[in-house]
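For reference, the structures are reproduced in the following blocks.
Heads up, the next two complexes both have subunit A, just with different partners, subunit B and then subunit C.
== the complex of A and B ==
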């Protein structure tokens, strides 16, 4: 133990920074939710009585589930094709997935606004082609939010699924074909079941990111589609209702930790979050 | 996995559609930034660089860029030092002993930044760190530590622990072992972590919205105001410069990884 003392000391700077500057402020949020404006669970009782909060939570869950579903479908096809591609082709496909991942989320939201707004390029293009008479409402509503969020989440869906598909032995697929299985059967009976752990990991990752997402829904929702994060920001910065904001923030963290706890049997958390780097 | 089995037409079509959906919207920013008009549009008659010239003639944009850059450098330095030491300590100590620390270091990736931003707003008010360079640098550094810990841990996984034992056995002190044996071997991993920490701070907006007002005004903050107030082609030019800068950093990371792969 004494020999290890030096190694323990190496942990100290990060440990201090993390506890004093990260964990402490977050614990304070949890505390505010039961102490302001008065001591007690008054803020949480609003969850049952306040239609505004309920609508925000329902919107968040609906958009979160929709985003997760679409991102998984698109991401699965992409991961499947990457996993079966030749190594040289794999590198190009991966570039297409990783590049958007690292481009600023503001730049991406800006690009979507440019494309989707009333006088945007999509509406102009469709009108020039004569496909529509008046511009479609493509942004500043739920549609725009989902388009932008799926765009953000697909790379996060691809990476865990690709990792688990890469562990599938290709000889299994060839063997199944050789023994007379159709392509559909090889996929449905061999490939899909073996890739399921990756699908679950991707679903958990995308869903918990969707729940607390701020920038994209705020820009593409245009203040009309309120999700949890933007509602918290409104409570704290605009209405100065700390108790309510802190309450929903606590519920958000609780929902995320509960999701992770439920799936921690199936999903290796450390691998899940290491997948990004 | 390769050989003997390829994806079907349907999967390929869906994968191509998805990649186009991921990449095309970002590329649209380039022609828009080169428009000859005063509003967001594709170029009508000629290509024009005037919106790029606008950025470099605007003290507000230049100030935001330089402040963001300084913040990113400062927070990256803090995160790299703390994160690297932590990863080395966790690697050398037994798994069970350091498990709590490892989980702690992943928290900023799990907890949404909106929750942290709310907490910071109150916490920094008490510490007199609101709207201060130091405050933002610390907040960005703490949330960047996970990226450094992950990349450095990956580099350490490929490092032969017997080298460290040999150095200690021959009488090297811990700082000497760290400096001369461990750090040189994991330098590419540290550089990767630094690049991701830099991008993290450079792009970060949610915390900045809560803990800054006038003194600290970063590039994402300026872009946020631009998107919400006046959508003009200058925004497209800024976005394009950011895309180019990100590609440059990722290319740098790729080059470092190839080198790391080369000497392993």
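== the complex of A and C ==
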């Protein structure tokens, strides 16, 4: 018992840091949301009455779902190719997937702006080809935000799905063909169902990330496409309406916890965060 | 007999000059073999002998570098595996973990687009056949190794395949269970009368199950025949050594007569029967005889045998059914002798002098292996 106590004592500094620097501020945010400007649930009532808040929440959900869907499709194709590649090729593929993760999100957002703006490479290229007469509006709208967010999210979609695909015994695929299944049937009836846990895990991860995105929507949305995080910043830093900002922050935390709670019944969440089942 | 699986629809397979190279390495070298309809053939060999590669070429997963695979005379060498209609029990079974037992067995029928009603009936018949009907709704992970093996068997048989291929089907099981399933497999083969091709490195399994065994070594077919034929008349030292245990007696041919010859090893005269039509050794040539330990007898005083040799017991052990003796002799080195324990003529002790003997037809001349170093 005494020995155990010693081990727990070692955890104390980390525990204190988490509570003082993380849990306490979150509780404070929760408190502000029901005390500023006056005590009560007035801020939360705005969720039902204020069209502006509702629009921000709907935009966030729409962009989040769209980003999740596209990132999963692209990520699944990538993970599939990587999982079936030879080990030497796999390393190069993985490097290609992980490399963007090491580049600042700010740099990547501005890179997309230069590519997608009216005089950007994409518009100029399309005009040179004669595909369009006047430049398309590719950035400072939802399209631009989704492009930037998908780009950021694909690696996070690939990794859980790849882990799940790697656990599939390749002999099962050979066996299925030996039993008369075509390549399409092997994929549809054996590979896809067996990789599904990874798909669900990736979906949860990407969707939760998407809800709280700040820098990418702020830069690629150009202030016109407001998502939750930017709206909270606007309330607190520009309008100094702490109560409203704290309220939406609390709703965001609540939404994330609810998503996790729902999916924890479907998938083993420990796997999502890297633990071995 | 169940309704879903009709007996007697076996097919004949022929392998002609089958060769498979991987770069400079030759995994299978010029193997020709035919399997009759309804026959149980086992490809037996140590690991790396090419037996699995041959099975994969039969199944269509590996394309031969040279040679042909024919089914009932039709060339199927380049036919893709999903169009061959062969049932296969894979090493480690390869059961689909996300499907129930019934769904696993139904898989070959589903991919063939068979209607649900017909499917259910056939699945039930196949599960009845392997006595697993009670487990239809379980997942493979909830079954024991032996039950999983039977699911794999039911799944391989459910679509009434032209041929059943078995890739080390029993190697993952413990010894006792393996023995039980060997019996089941043999009974099943008799009941449904289909052509079975089995791959194993277990010589005991090969002898117990097969109508015919083909022994492979270093990618070559060394010898094929009935289990008894191979055990009693091995042609090479490798076969004699791989199937059961053998003593190898080296000598020089001194006499050749019709039906028999004699070799001299030191001062010991080895008398060897030579059946009609078997190749004979030339006078003065070196020869090797293979002799099974259980064919050597202990000679009592005054008793004689075609070949006699004296020695002393160097080591012995008791195995319940018998004693295993290692007898040191002057001319033949250490001889392994298997002595029945029931009313054994002696109680073995180390250093005890013994006189051994065996008849002329107990041993068999074997060729040295071509690749031997």
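Methods note: the second predicted complex is superposed on the first by the 274 of 277 C-alpha atoms of A that agree within 3 Å, B and C clash if a C-alpha of one lies under 4 Å from a C-alpha of the other, contacts with A are read in each partner's own complex, and residues count from 1 in each chain.
Please note the rule applied: contacts are C-beta pairs under 8 Å (C-beta built on N, C-alpha and C of every residue); 3 or more make two chains touch, one makes a residue touch a chain.
Computed from a predicted structure; not experimentally measured.
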Exercise for the section: Please work out whether A:169 is in contact with subunit B alone, subunit C alone, both, or neither, and reply first, second, both or neither. Expected result: both
Problem - Touching partner for A:177 - first (subunit B), second (subunit C), both, neither - result: both
Practice task
Look at A:115 in the shared chain and tell me whether it touches subunit B only, subunit C only, both, or neither; answer first, second, both or neither.
Solution key: first
Handout entry: More subunit A residues in contact [subunit B versus subunit C]
Key = B
Completion exercise
Check: subunit A residues flagged as touching subunit B and also subunit C 169, 171, 174, 177
Handout entry: Contact set on subunit A toward subunit B in their complex
Key = 4, 6-15, 17-19, 21-29, 32, 74-75, 77-78, 80-87, 93, 96-100, 102-115, 117, 119, 121, 151, 154-155, 165-166, 168-171, 173-174, 177, 183, 186-187, 208, 211-215, 219, 228-229, 232-233, 236-237, 242, 245-246, 249, 252-253, 256-257, 260, 269-270, 273-274, 276-277
Completion exercise
As the complex stands, subunit A meets subunit C at residues 169, 171-172, 174-182, 185, 189-190, 193-194
Practice task
Would you mind writing out the residues of subunit B in touch with subunit A in their complex?
Solution key: 1-8, 11-12, 14-15, 17-19, 21-23, 25-26, 28-29, 32, 40, 42, 78, 81-83, 85-86, 88-90, 92-93, 98, 101-102, 104-116, 118-124, 138-139, 141-143, 145-147, 149-151, 153-154, 174, 192-193, 196, 199, 202-203, 205-206, 209-210, 220, 223-224, 227-228, 231, 235-236, 239, 242-243, 246-247, 249-250
Exercise for the section: Under the touch definition given earlier, write down the residues of subunit C that touch subunit A in their complex. Expected result: 59-61, 80-83, 85-88, 90-92, 94, 96-98, 107-108, 110-112, 155-156, 159
